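Dumping the structure here so I can ask a few things about it.
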Amino acid sequence: MTPFVRLLVYLVAAPLLGGLLAGLDRKISGRMQARMGPPLWQPFYDVWKLWRKENIVVRRSQNYYVFFFLLFVIFTGALFFAGFDLLLMVFALTLAGIFFVLAAYKASSPYSFIGAERELIQMMAYEPMVLLTAVGMYMAGGSFYVHDLASRSSSLIWPLPGVFLGFLFVLVIKFRKSPFDLSCSHHAHQELVRGITTEFSGSALAMIEVAHWYENVLLLGWVYLFFSAWPVLGVAAALAVFLLMILVDNTCARLKWQTTLKSAWIVTLVLGFGNLLVLSFL
Amino acid sequence: MSEAQTYLPLSPDALVAKVRELHAEGYRLVQIGATTLGETIELNYSFDRAGTLLNLRLQLPAAAAHVPSISSVYWCAFLYENEIHDLFRVHVEGIAVDYQGKFYQTTVPFPFGTRAQTAAAPAAGN
Amino acid sequence: MAYFRMTQMALKWAISKPATNPYPFAPRVIIPGSRGLLTFNKDTCVYCSVCRKKCPTGAIGVNRHQKKWAIDRLRCISCGYCVEACPKDSLALSTSHGSPAVTKDREIYQGEMPAPKAPAAAPAPVPAG
Amino acid sequence: MARTVIPFGPQHPVLPEPIMLDLVVEDEKVVEAIPKIGFVHRGLEKLVEKKDFHEFVFVAERVCGICSFIHGQTYCQAVEQIMGVAVPPRAHYLRTIWGELSRLHSHLLWLGLLADGFGFESLFMHSWRVREKVLNIIEATTGGRVIFGTCKVGGVRRDIDTAAMQSLLAQLAVIEKDMREIVDVFLEDNSVKRRLCGVGVLAKDDAYQLGCVGPMARASGLTQDMRQLGYAAFGELTFQPITRPEGDSFARCAVRCGELFQSVDLIRQAAARLPTGEIEVKVTGNPNGEFAARTEQPRGEVVYYVKANGTKNLQRFRVRTPTFANIPALVKLLPGCDLADVPILVLTIDPCISCTER
């Protein structure tokens, strides 16, 4: 596949796949909680319904920020699947996150305000590890370009086991799963109502939802990159990681931001940094 | 089941001193309740020690029901005192946390008071 | 290990049958002894008004002369006081909960009148008043 | 530092009922908390002037939707005491069994809400799954699920026959096993402990001074359980109040977990000693006198003050519910905690606002 075709496939297939994964998540979570769970297509029904709903905003501008959030998430994914620079991708994703935070700040409600603060703390928690992952891939694979990394004959998991585990840890934060669903959990049952997304409704909320689908596919694509020498194993690993996230979500209480920050940095330091240190001496 | 329950009649002036005495003896405040009996309002201060109930009983004229607050002795009394103010129009002086009649948001002001009290209250109420 | 107790439970339930019922599609398991909908038998009723007097919520209305018995379903709390009081056993509590009451109507039952008037169709919801 | 006021309630996803807390926060530290209640004041106490004292049991039961049976029971006890009615022993035992079943379902409900408060959805669902089984027992024996409607002045309205009692005990064994699984998670899971241990510590003296009741007081080391007064059949059953010395949220959770098994044990004891005979006596005449009945609700001590003057309507009916007595402690605990701890602290007093306001 040429990069251009891959890009097109990503743009069309990622929301479908992401939505399906979200549906699978809800179904499996439901079963783990001894419930039936909603139909597999429920996330699509939800987004469709949100899209047609009345748009109520506190400030008109908040929805533009949400639009840019969606745009930059798609842009990040496009960079990744077209085989571009990993570093640029990391910062584009951060920028997308910042737009999301700005949107929440703009709504000026105490819930979304504190949700946005927590989102920033979460970004501080996961960002070092995400960067280390990119650096580690460069050290082991000799390039920042996804295209080069994906076409290597040996998998990146062998030199980077610690980085991989550290990456899994921050994935829990990125996927907004318990124990680290501080800023916004998947359902409105926390002290901040729904945290960062409290003040969004209608099509803006639908955009946030779709952005998460794109983001999830991108992150799972990154998991795949660790196993790129064996494509089948890579897809299986990405799916396994996703199931693991669901299991973790259903077996943990939500922790506080202090614990999140501390544990994420310890993991980054021990697993991520330790791995790179060993790699540089070898 | 029949437990002994004592009722001690008291005057409002002697209340705080007696309550302080009970506090020193290790009593726990169980409740403060009011009852409208015609044109008098009866207040019951219930205390408990090791499972026996002791009640202090005050009789106040409904038209001018004033009572000192015991929240300086038992801080937790502030809720009960706000309650008897909002429902019975008993004026409690010096509550630790005074809600100024905004504790219960009732449509009818002082709903549990005597009929004269309810009628005399401003219609908009609290 | 203590940490994995929840994991065990989650995995166990992930592969076993859910504990919930798909309620509106599958009927609820009926528990015998449940106090549900109050049913009225107009053939045995003598319209003595004992149920009306006993009802703690005032949900029942009885008109002895017109032989009418009425119930406000939204007021009925299925306590069964009327069932215990009824001298003719015309009232009973079924285990089902009946259809949801969506209007504030009273269900009116018209008993057989001795006069040659045609009996009204029962049950016929008539606006409350 | 910038201060934000977070309106916590009266409608808020973690709150089961309408209490409002104005939380003044600096960053995520709560510096002040002002409670407001009065959103669901129904004036039930005033209703005694309209309903006669037999009918009023149904109103008393509706004071609370969760601990409803014990409310009805306490009311009946107060009236029976005033009228000098000797309730048959079998009725006493049946009341005990139903009271403990209601404690089981209330505590399981609370455990679920607590799990939800610290963001543990699947534990929440599992707690309520087990609660459902308790509700099924209750439905089979009384006909209602949360409003039992079986208590009356002078006894009870339904009997549990031998076959039903056997099936009750069999189901109870299953429930006990399920509860053991869930309680193990609450008491031993790492992430749960991290959220509960050391949060909202209430010293023993403070708990006594603030008038705490129920599990809140027992978690701070106070041996205070109204069942020790020996009402209903409790005088003839053996049990020890469950206490914990720590006084934090974990202790309050652990006390309630312990009480689940205590209730199962009490039901078994009561079932084994269930006397035969009548379940009610005929009550004639009207009450004249006053009495303050006290029982142990799942949430703590409830006080029913009943004053009657010889007519069919009571003169005064006053309820002091356990939540009312525990709110001062909540107000004391909140300042200084993290915003993330607020749901836990609010839930550990097990707030039941509709019964607090009657």
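Order of writing sets the chain letters: A, B, C and D. Residues in each chain are counted from 1.
Just so we're on the same page, contacts are C-beta pairs under 8 Å (C-beta built on N, C-alpha and C of every residue); 3 or more make two chains touch, one makes a residue touch a chain.
It should be emphasised that the depicted structure is a prediction, and the values quoted were computed from it without experimental measurement.
Visitor: If you take the mean of the Cα atoms for each chain, which one ends up farthest from subunit A?
Guide: B
Visitor: Per the definition at the top, count C-beta pairs in contact and tell me whether A-C or A-D has more.
Guide: The comparison resolves to A-D.
Visitor: Distance from the CA centroid of subunit A to that of subunit C, rounded to the nearest Å?
Guide: Between these chains, centre-to-centre, one finds 52 Å.
Visitor: Let me have the rounded angstrom distance from the C-alpha centre of subunit B over to the C-alpha centre of subunit C, please.
Guide: 43
Visitor: Distance from the CA centroid of subunit B to that of subunit D, rounded to the nearest Å?
Guide: 25
Visitor: Can you pull out the residues of subunit C that are in contact with at least two other chains?
Guide: Each of 6, 10, 13, 19 in subunit C touches at least two other chains.
Visitor: Check each residue of subunit A and list the ones that touch at least two other chains.
Guide: Each of 32-35, 250-252 in subunit A touches at least two other chains.
Visitor: Two or more other chains in contact with one residue: find those residues in subunit D.
Guide: 122-123, 126, 129, 189
Visitor: Considering every pair of chains, which are in touch?
Guide: A-C, A-D, B-D, C-D
Visitor: Show me the residue ranges of subunit A that touch subunit C in the complex, using the header's touch definition.
Guide: Residues of subunit A touching subunit C: 28, 30-37, 247, 250-252.
Visitor: Under the stated contact criterion, what part of subunit D meets subunit A in this complex?
Guide: My answer: residues 4-8, 12-14, 25, 27-28, 115-116, 118-123, 125-126, 129, 189, 191-192, 194-195, 338-343.
Visitor: Once bound in the complex, which stretches of subunit B touch subunit D?
Guide: So the residues of subunit B in touch with subunit D come to 1-3, 5, 28-31, 33-37, 44, 46, 51, 53, 55, 74-76, 78-80, 86, 97, 99, 102-106, 111-112.
Visitor: Given the complex with subunit A, which residues does subunit C contribute to the contact?
Guide: So the residues of subunit C touching subunit A come out as 4, 6-7, 10-11, 13-14, 18-20, 22.
Visitor: What residues on subunit A touch subunit D, complex-wise?
Guide: By the definition above, subunit A touches subunit D via 29, 32-35, 110-111, 113-114, 117, 178-179, 181-182, 185, 187-193, 250-257, 259.
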